[in-house]
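Structure provided below as structure tokens; questions to follow.
As written, the chains take the letters A, B, C and D, and residue 1 is the first residue of each chain.
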Amino acid sequence: MTPDLIYDQLIGAGCVKKIIFSWGGNPGVGSLHRLRDAVENGWPHPIEIEEHAHAGMAAAYSAGAANLPFGLLRGYIGTDLVKYNQRIKFINCPFTGVKLAAIPAHRPDVTIIHAQKADRKGNVLMWGVVGVQKEAVLAAKRAIVTVEEIVDDLNAPPNSVVLPSWVLSAVCEVKGGAFPSYAQGYYQRDNAFYKAWDVVARDRETFKAWIDRHVLGTKDFAEFKRSIASFNNEGATSHV
Amino acid sequence: MTPDLIYDQLIGAGCVKKIIFSWGGNPGVGSLHRLRDAVENGWPHPIEIEEHAHAGMAAAYSAGAANLPFGLLRGYIGTDLVKYNQRIKFINCPFTGVKLAAIPAHRPDVTIIHAQKADRKGNVLMWGVVGVQKEAVLAAKRAIVTVEEIVDDLNAPPNSVVLPSWVLSAVCEVKGGAFPSYAQGYYQRDNAFYKAWDVVARDRETFKAWIDRHVLGTKDFAEFKRSIASFNNEGATSHV
Amino acid sequence: MSDAAYTADEMMTIQAARMIRNGVTLFVGIGLPSAAANLARLTHAPDTVLIYESGTIGAKPTVLPLSIGDGELSETADAVVSIPEIFSYWLQGGRIGLGFLGAAQIDKFANINSTVIGDYNKPKVRLPGSGGAQEIAGFCAEVMITLRHNNRAFVKKLDFLTSGGYFEGGDSRQKLGLPGKGPTNVITDLGILTPDPVTKELTLTSLHPGVTVEQVVAATGWPLKVAAKLDSTAAPTSAELSVLRDLNERTARAHAGQA
Amino acid sequence: MSDAAYTADEMMTIQAARMIRNGVTLFVGIGLPSAAANLARLTHAPDTVLIYESGTIGAKPTVLPLSIGDGELSETADAVVSIPEIFSYWLQGGRIGLGFLGAAQIDKFANINSTVIGDYNKPKVRLPGSGGAQEIAGFCAEVMITLRHNNRAFVKKLDFLTSGGYFEGGDSRQKLGLPGKGPTNVITDLGILTPDPVTKELTLTSLHPGVTVEQVVAATGWPLKVAAKLDSTAAPTSAELSVLRDLNERTARAHAGQA
């Protein structure tokens, strides 16, 4: 739905052939400059885009989770997105004749999400803004969940959002794995990093230096985090 | 979906013109005898039935809550229900051609549910088997919620099922209001009453005596509960 | 093996329990299916994931629930979801390995009726109806059916087709587009019936101890096919009987606890 | 009333906040809409129900969120629901009184563009896109739009119609079947525009202090209709300014707290 900085990084690094999205910005800051550069200038190579509105994306994930071939919603009517996205069609209600939008179900090959806790059996608990994560997991052929911690007992409150281990392919403990976003109950969103990213990503060379040093130049997530910590201390604008 | 004993009582008392349902039994016990008597023998008068399967009812409530004219599901294909319920239609997926069932949205005039807690503003918290209650409330033109208690602070855990006061028409404190069913965290399901009901409802005269004494003969819920308590003590079979 | 005395219902429940593979996700109705599922969980299949249509996933009840809404189920579950979710994301979503159904009537293609006896509009007996049975029959990877074996239940023609098994037999189920495999075992108080691999007609493949082929044929309302090589169901072991009876006693005590 | 110095953005935010009725359910985007909504909540409209598209219902943030996903929103909300639910049961469900949108471009029928500047397939500027804007514009009972007033924003023809206002004007919105009333106010840094009751063409109905009609007409890319009786927007009071500036300072401190 909302490609975050990770998409900007993947796009800038040339790892993306196509994105399916409904809002492609740096939340609260502005543009995803690497996304823009790819769409506007084809750098590092042109990418295909399939664009929706949030409600359409949500309906398509729900349909995928429910094994329906398409999601049904009011929406898209009279807007220009339908001229450019052939995957938005309209059907009529068989009872009332009302015109409704239909979007093919999303069925990702792999969904990767980050949650707060797993127990030793691999049951996962998440809370807070859960977004469309449950649907994205249940719609996918395979799902990987990273968690802040693995515990003996989830102590899940009634009706909380729990994904049983048997719908997941893998569960991995990755403390801080939501960075630069947040994990409710563990740490806050690193809003300053989102702002700093605007400076890093605005320029191709600055971006390349950043990704070379902090991503390609580190051997694992722990080293990446140490590398990023020094980046933060030095200040985003003075340093890549 | 599942008309419980309250429906059997309403039907037997002649208050019901039509029922829309997907499972009409006494859960774990057997028949709803008053429902059967109405359908099989037209006593006290014939009732109209609109019958679905659970999944169709759930989809119709969800559609109602979502302001969609119909609910979409795989299901009903090849079964006899479609011969008798004209409100089950089939449509084809505009992308794959797959045949799917369509059920008109449920939009009740009034939904009445029982929940555990409300705060003084009228926000309602429920937990445990929440069923289709949220959808039934959101699909309805008006919704009334009875609760076990009204508290200063809901202390709702993250992502719990909360209905904000502004989607409700009225919230009333009715302790024990789920009787003979249960309110998780307050009291258990009165399974023995469900069994006793089988004896009461099996016979028209026994039923009439029960409803005259305990429902028509009591002036409010508190008196009904005292009346029922004596019924329970005397034993279901020995007494109406 | 045991020579303990047991009832035909106990034999049926125990045999149904035996056929539940450990670790399977199991969508289970109240009554005999629930007893068999919990017996399996308490014996050879501790990792079985029990799902009740009330939305409880991974329920581990210590006594059998009288209704799918019993608090016992949600309090012991790994997750409790709404009714729309359990039917859409979980059952229709194709995540359930085994569905477990009872029935009032069954025909030779394992289609079942739990709606009416007699005419729908003027029924002799109005039964509770589908509930979740239609979708369980349609969407579980595999379905198991248990019911008592007699002429009123095993009929030539259903009064009402509530939940599809193999419809007209052969490939008619696949032609309708139902994703699940359909009923793979019908376990009665007399024996086990399994569908012919090609015609999908139910065939007697195992006899419970002390039951004769003639008895089963007589209790079946159509000319019953009998497998060339007929198995003998093992009698309940004393361990199985003891776990089942303990469960039933705990349950009876719990359900009598009120009113 | 106050003669305190203030910026045009402050005027715009404060005027937008004033137009929020106490108790309304408000679907709000990040940025200026969020600032105005929270200013309203902290001043004359304490019972306003703030709903963010991340699924937080009744959020009461003490600082403005930088993103709709900020923990601040879910921790202070009355309820937090999933994204599919917020869009289906709540927004499409017709439960939201007022939607609050920004835009990159707007036309005379209050249709807005937040997708691209230039051609969609070869854009000059690729903007973030609809997000929830399409549905907010379609389904809220009423919509309010805020954006800075200039020729690049107020255009004769949108490069892309992201979210519908009154489409071709007149009754074209109703003909498309969109349930909400559409945009009832466009609040800019120069004044307030409201749709003509019949043609639905945006008409200048109020001027902010110190702004002239000529200035607004010059900043509008189509021949702007001006109301016969033009209101004067009240200047920000010192109370309004002080609450807004406190909120912005708290927010700036909070967002600088890391990295």
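Here, a residue touches a chain if its C-beta (ideal position, glycine included) is under 8 Å from a C-beta of that chain, and two chains touch if they have at least 3 such contacts.
Worth saying up front: this structure is predicted, and the values here are computed from it rather than measured.
Participant: In the chain contact graph, what is the shortest path length, in steps, from chain C to chain D?
Facilitator: 2
Participant: For chain C, which other chain has the most distant CA centre?
Facilitator: D
Participant: Cα centroid separation between chain B and chain C, in whole Å?
Facilitator: 26
Participant: Could you work out how far the Cα centre of chain A sits from that of chain B, in whole Å?
Facilitator: 40
Participant: Two-or-more-chain contact residues of chain B, please, as numbers and ranges.
Facilitator: In chain B, 62, 67-68, 73-74, 98, 128, 130, 134-135, 158-161, 184 touch at least two other chains.
Participant: If you look at chain D, which of its residues touch at least two other chains?
Facilitator: 74, 80, 88, 92, 139, 179
Participant: Can you list every touching chain pair?
Facilitator: A-B, A-C, A-D, B-C, B-D
Participant: Report the residues of chain B in contact with chain C in the complex, numbered from low to high.
Facilitator: So the residues of chain B in touch with chain C come to 1-2, 21-25, 27-29, 31-32, 35-36, 39-40, 51-55, 58-59, 61-62, 73-81, 83-84, 98-99, 128-132, 134-135, 161, 180-182, 184, 188-196, 232, 236.
Participant: Enumerate the contact residues on chain C facing chain A in the complex.
Facilitator: Residues 25, 49, 57-58, 74, 78-81, 88-89, 92-95, 139, 179.
Participant: Please give the residue numbers of chain D that touch chain A in the complex, ascending.
Facilitator: So the residues of chain D touching chain A come out as 30-31, 53-56, 65-71, 73-75, 80, 82-84, 87-88, 91-92, 115, 120-135, 138-139, 160-164, 167, 176-179, 254-259.
Participant: Touching chain C in the complex: which residues of chain A?
Facilitator: Per the stated touch rule, the residues are 62, 65-68, 123, 134-135, 138, 156, 158-160, 162-164, 166-167.
Participant: Give every residue of chain A touching chain B within the complex, in rising order.
Facilitator: Within the complex, chain A touches chain B at residues 67-70, 72-74, 87, 89, 91, 93-96, 98, 100, 102, 104, 127-128, 130, 157-161, 184.
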